[in-house]
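Presented sequentially are two complexes of chain A, the first with chain B as partner and the second with chain C.
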Partner chain A sequence: MKRLWWIFFLMIWPVLALVVCAMTPGLKWGFPGDGLSDSTIGVEIDHLFYVILIICTVVFIGTQVAMGYVLWTASSRPADRRAWYSHGNHKLEMIWTVIPGIILLFLALYQTRTWAEFRMNSAYPEAAKTNIIAEVNARQFEWRMRYPAPGKTLERKPQIDDMYQVNELHVPAGTPVTIQLRTQDVQHSFFLPTMRIKQDAVPGMIIPVWFEAKEPGEYPLVCAELCGWGHYKMGAIVIAHPPAEYEAYMKSLHEEQFEDGYIE
Partner chain B sequence: MTSEVQTTGEHGDTGDSHCHHHVDNRWWISKYVFSTDHKVIGIQFLFSTLFLMLVGGAFALAIRWQLAFPNTQMPFVNTTFFAETGGQITPEFYTMLFTMHGTVMIFLVIIPILAGAFGNFLIPLMIGAPDMAFPKLNMMSYWFMWPAAFCFGLSLFYEGGPAAGWTSYPILAAIYDAAPGSGFAQTLWLMGITFVGVSSMMGSINYMTTIINMRAPGMTFFRMPLTIWAMFITAILQAFALPVLTAAGLMLIADREFGTCFFVPAGIVVNNAESTVGGGQPLLWQHLFWFYSHPAVYIMLLPAMGMISDMLSCMCRKPVFGYRPMVYSMSAIAGLGFIVWGHHMFISGMNPALGMTFMVATIMIALPSAIKVFNWIGTIWGGHIEFNTVTLNAVAFVSMFIVGGLSGIFMAAVPVDIYIHDTYFIVAHFHYILFGATLFGIFAAIQFWYPKMFGRMMSERLGKLHFVLTFIGMNGTFFPMHMLGIAGMPRRYANPYLHEYLEHLLPLNQFMTYSAILMGAAQFLLLINVFGSLIWGKKAPKNPWNANGLEWQAPSPPPHGNFETQPLVYRGPYEYSSPDHLDKDYWPQTEREVYDPTPTSTV
Partner chain C sequence: MLNRFVAQNFLSAPANASPWLLLVCLLAGLAGCEQVQSDFVFNEKTQELLPEAEVKVKNTLVSSFGSPAQPTIPAFFPVDRGQITLEIADFDPEKPTELLIEPVETDVDLVGKKLQFLFDPEDQFDVTMEAIEEELPDPIAELDGITIAAYDAESGKLTLSKALPDLELIEPGLELAANPNYKLHQGQFLYEQHCQHCHGVSGSGDGPTARYMEPKPRDYRKGIFKFTSTGSRDHVSTADLKHIIVEGIPGTYMPSFKLLSDESLDLIVNYVKFLAMRGETEGMLNVEVGLDFNKKVLADELEGVTDPKEIEEITTEFKEDMNEFLEVDYPEIAFFGQLDLADAWIEADNEDAIVYASVPQTDPYGPSAADPSLTSIENGRILYLGKDAQCASCHGDGGKGDGFQTRQLQKRREGGDFTVPGLHDDWYNPLKPRDLTSDIYRGGRRPIDVFRRIYVGIKGTPMPAFGGKSLTDQQIWDVVNYVMYLPHEDTMPIPKLPKAEASESPAVSSIE
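Moving on, here comes the complex of A and B:
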């Protein structure tokens, strides 16, 4: 009964893998927080993830069951019966080339819209094109934010009335906002795990990144591209305010940073 | 494909070979050290890479230790080595650890063990040649691995060690001041890469020439075993991709040492050093690097795929299912492999339109991979399988490759990659391919060809124990990495628990570390098996597996010059259980048969 034991050993792990995957959301090993994306584009990304997950799960179960079946039959073939002499089957080859081909092509095309929305300027939401709220400047090992003064637009060159913050990015919730991402030294990557947003910051380039926080709240911002020994500690927070509160906060920030001590 | 017996026309049956029957009276140094014999070189590669695998494995365990018990004293490490930190892993040391783990495992273990050890040993034997086309070049190819190992080793003694990751992205890798590990260690690392490149290049030229020119009479391309096809395609991949990496490496050395600015833009102030004068583009490095390193992924996989096909066929006593589709799909993987490098750069800031094309190409590469999986399952289907160590490792290869292949689709889809890029998901993915698939393939291949290499059998009992422990440890270590990735844990973090949203992952990481320790410990069983069987192994006959390949017609171990008489090839390598040949269930490629004008089967 050794062969039974081996088939059990080889085939129990896909079962375990599926069980662990099914338990994952309950154990909080899956998507961070409550498992739901905190940004609008993140919702689409999660949807695409689950589409791929479902297709892959079906293929995984199918191939593992097939594997278990052929192992079972091949190991229980009577000793006096020869193996099946076959060099293959043209029809089968065609089937398992064309069908996966179509599925894969569908998968690829199904992804394009979300990618365009995230990165192609022409597919940005209208608000993201106008709502450029800050420049995020990464350096070893912190995030420096530069905001335009309330009522002004962000210029490429720093202005005299710009406001600065470190490791804290304030954004309005419920509307798409764009940040200009750049780095002062090595490569970094702007990663908002709960919003599913990531973009590398490349020396010599300014890259726009847009996202929309669905709800007011605090969201982690970390670095996802190796930037030196302190890579792991390059954490910051993104604070999303209700729009009215955001305006007020920006005003108070401006007052705070340009307070010259003179009282009328 | 027909199974008819074909006589090989003009070559006839005279056995007109120039075989070597002289007494081997070379000095032991030229016999075992500076040998030009492909078998000795293959075995040298095998032993060297097994040793280096321990080194790379030790780095891996140190990484796992830090992730499970951050900033606590490492066990077994005397505090005299790490006196100033009290035996703790510092963040600088951690970056060096994962850099060198990747470097050693990729450049000094996986590539040399596949192409160097098995490519060298098997190519001449399987195609019926007395040796490689360029034996001295072959010897050089082995000895050029050591300057590389020396450079990598020496770099560890410079401050911080090389610490820019195995991908060495500039600016971090281009400027001395960027990090403690970006000093001269990084230059040494780049020199090491150049040396392994030279070593691989010499090998690949040799393999291509040998396979094209030195096949035995009757060994047509479509009678070659899939191992040889895989080695052939791999050699082509290396020959076309490596020059790009070497050029990029030299450019980066020039940037670092001679003040050029290929990869360094203007106005960058790193670590309060002087502003760079620049004009370069860091993305150029990524393009050049991945133009080599993506095909390199297939260099690290295709030979194992080929060997698995041969072993499964032999262990199932059944022809490979779909031989030609297997060849075509390997070629497709190799061809597509050249136009998918951009999937490493989806969020790098390159033109987003490129993301779309690279995504389609990348997703389509899953197709030939799927075809191979279906054909492996087809090969087992209706076979006559026996669960020995070779079979178990081969089945594990297919099973793990399915996981690695499927997780690749997540990374290939650009929008999903926005989220999982550079998280532990990618770490899970490539470990399922490189450990799950390739290393299980290597374990199977060691067990399978060991009798031919050393004339002795390896222990089945130890082999099975090694397989069971490795299989459990491997899945325990790498499967949860998918979860870590989905939970948003970035890779290369010395202490991820600094971030609140990752704190709850500590227990899972500890479980993975225990699994990794089990897996690491199990590798000593492999070493005991490999080295112990040299002495205590049962003497192996010429053809212990009743296999068809030419290598099994040579004595075990084959003498200098390999074959006693020039082998002639009459059929493909997979004629197992043929109804045209009833006295035994295999039919060696060299066995002459009287031509029967009424074949009973023409499947």
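Moving on, here comes the complex of A and C:
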């Protein structure tokens, strides 16, 4: 009976863990699509994810081995021997407080650059600071975009020649772009799963979000904040064009928007 | 302690009771899992008809349009109801269960599929009427429920599940529809998923989530849709309905369904049209029958009559009239009424029905085509405030949607005032005129969209059609330019023509 626990913790449990670990790369670690990020900052975010995963794996294996050792040695001791209680042992407490502390501190410092790059205006890539392409308005249950007319910059107040679109966000690929995120009603969250971009939209706030689509293509945009009964259907697509095509597309959108329907 | 007490009591219950208890729990858990069978509801006007008339109207609706589980529609309605089209090559009345068809190769297996005969609707109607007159069973009704029992793809021989009646109309060249209405069925499935919770099973705009909404979801049953590209008296076009589903209606709860596949969108549009046609047919029958034979008419006739004998006399006479009407006139009214409705829908999809401006849009900052001494926006403002268009009476001088009409009691169409001051739509919901400064355009924000809102009006609302009547196309463009300028009024002064250019214009120089 005693050995049973030992077998469980040192044999079955780690084996199961290893099998699952061996399977996950095939499952792209649970990431959508091919498992690779479609945005540049997403690559850094994925890197952080893997670093944490490695740390967790090492800690997991370490603790499992330690526990197995304890169970093994304890099971071979005579039953009448008095147990040793470690509770309150200063040295041990120090060890298992300081080690995780160091790990957390390392993580905190290690991710600062990525975090700042995504959140802090001063650390944005230069292009993201100037390339403000659209205002994204979340509302129950759709995404409404407002673009400046070709050649103009996005103003905070809607302009007479602005262009509008629903559930489609067009961006140039291969360059950082910024959107201004707003919500017209409740909280929503702007989530590009394949780009690893996620930002809440908060009523009353205009929040800049930047990202760079590495390749031209279509990427899903979904709401990641339960916003009401229609939350599940609040999806849109981000369409990244090659830069030259993007200009042409914006021009055609402008023409379409100001169509007077006159047929000679 | 209490737990143990409860547990003991529970366990010490008679041993033979526990399986039952388990069963009861299981059954209780299953309650609510059953498939809910939803059905079309009839509108209140139908319930107001006298019972015999009510039954007749309901039967017509059920036989023409079926139920949500089995939606059907007469083939003459312009709905892509879905069918496998076959054609009779030969029919021998000696072998009434066999039909030779032009051999077709379909991906779908024909066996077991329902079969419909697509007679010319008027011929079919004549056959039915003849049978009624001669008090014989209707041979058309005998065709109901025929399915294909077997099909030989090489010879094109169809074996039917039951014998065909002796009918001259069944002849070579006649089209057949196998598996009819399957697209309606698919549309119903998608409608149930995406639309029904607001627009309701019958398209009456009363789904469970509808009560939380302002404005209310559209009730399709009048066949009226607000934002159309078709003329002011026309129905909505298929393209208009699709446009609304794809783009959504900003400023309302109607979201965009852009990410659905094109095929799904078409199926949904189809089903919405089907619901509108069903509702309109019901409305048409209510008017035709209800004008003379609803409960209220009888009650009016009996008003003040106290003698029971007289009451009976009047009632009997009334019912005799009604029965005669139902027997003689009703089938014709029901049939040709539906044909007319179908025609109206066909018209709406006609190229000619779409409204285009006869002149291109005037440059908002340039001289107006209607009055060259002013910029288009300036002239639009004058028209907006003026007597011909009277935009300001509802939309307010500043465009805030607060004109004086919003504070007045309005008349109901059938007489009497509304109890709440302000405007109402045809569904009797209170309605605010659009705040034109909000920069939200429900029916689309392209200049042509706004042009059409003014030209054909917004159907089902007090927004009238100005096109071809009170405003010329040039004037409408000025109003469009002014209305689209309104949200930006506070940051942009009204554009004026430069002095030098203006002095060239004779109108201005005469003033000077």
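By our rule, the second predicted complex is superposed on the first by the 226 of 264 C-alpha atoms of A that agree within 3 Å, B and C clash if a C-alpha of one lies under 4 Å from a C-alpha of the other, contacts with A are read in each partner's own complex, and residues count from 1 in each chain.
Here is the rule we use: contacts are C-beta pairs under 8 Å (C-beta built on N, C-alpha and C of every residue); 3 or more make two chains touch, one makes a residue touch a chain.
Keep in mind that what you see is a predicted model, and the values were worked out from it rather than measured.
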| item | value |
| --- | --- |
| Contacts of A:131 with chain B and chain C, given as first, second, both or neither | neither |
| More chain A residues in contact [chain B versus chain C] | B |
| Partner chain in contact with A:60 - chain B first, chain C second, else both or neither | first |
| Partner chain(s) touched by A:142 [first = chain B, second = chain C, both, neither] | second |
| First (chain B), second (chain C), both or neither touched by A:83 | first |
| Touching partner for A:259 - first (chain B), second (chain C), both, neither | second |
| First (chain B), second (chain C), both or neither touched by A:233 | both |
| Touching partner for A:180 - first (chain B), second (chain C), both, neither | neither |
| Partner chain(s) touched by A:199 [first = chain B, second = chain C, both, neither] | first |
| Chain C-contacting residues of chain A that also contact chain B | 140, 229-230, 233, 235 |
| Complex interface listing, chain B residues touching chain A | 1, 3, 90-92, 94-95, 160, 163-165, 169, 171-172, 175, 178-182, 264-271, 278, 280-283, 316-325, 347-349, 352-353, 355-356, 359-360, 363-364, 366-367, 370-371, 373-375, 377-378, 380-387, 392, 395-396, 398-399, 402-403, 406-407, 409-410, 413-416, 418-419, 421-423, 468, 471, 475, 479-480, 483-484, 486-488, 490, 492-496, 498-501, 504-505, 508, 574, 576-579, 585, 601, 603 |
| Contact footprint of chain C on chain A as seen in their complex | 140-142, 144, 157-160, 164, 166-168, 229-230, 233-237, 256-263 |
| List of chain A residues in touch with chain B within their complex | 2-3, 6, 9-10, 13-14, 17, 20, 24, 28-33, 42, 44-45, 48-49, 52-53, 55-56, 59-60, 63-64, 66-67, 70-71, 73-75, 77, 81-89, 92-93, 96-97, 100-101, 104-105, 107-109, 111-112, 114-116, 118-120, 140, 184-187, 189, 191, 193-194, 196-205, 207, 220, 222-233, 235 |
| Residues on chain C engaged by chain A in the complex (per definition of touch) | 194, 209, 247-248, 250, 253, 255-256, 258-259, 356-357, 359-361, 439, 445-448, 451, 477, 484-485, 487-488, 491-492 |
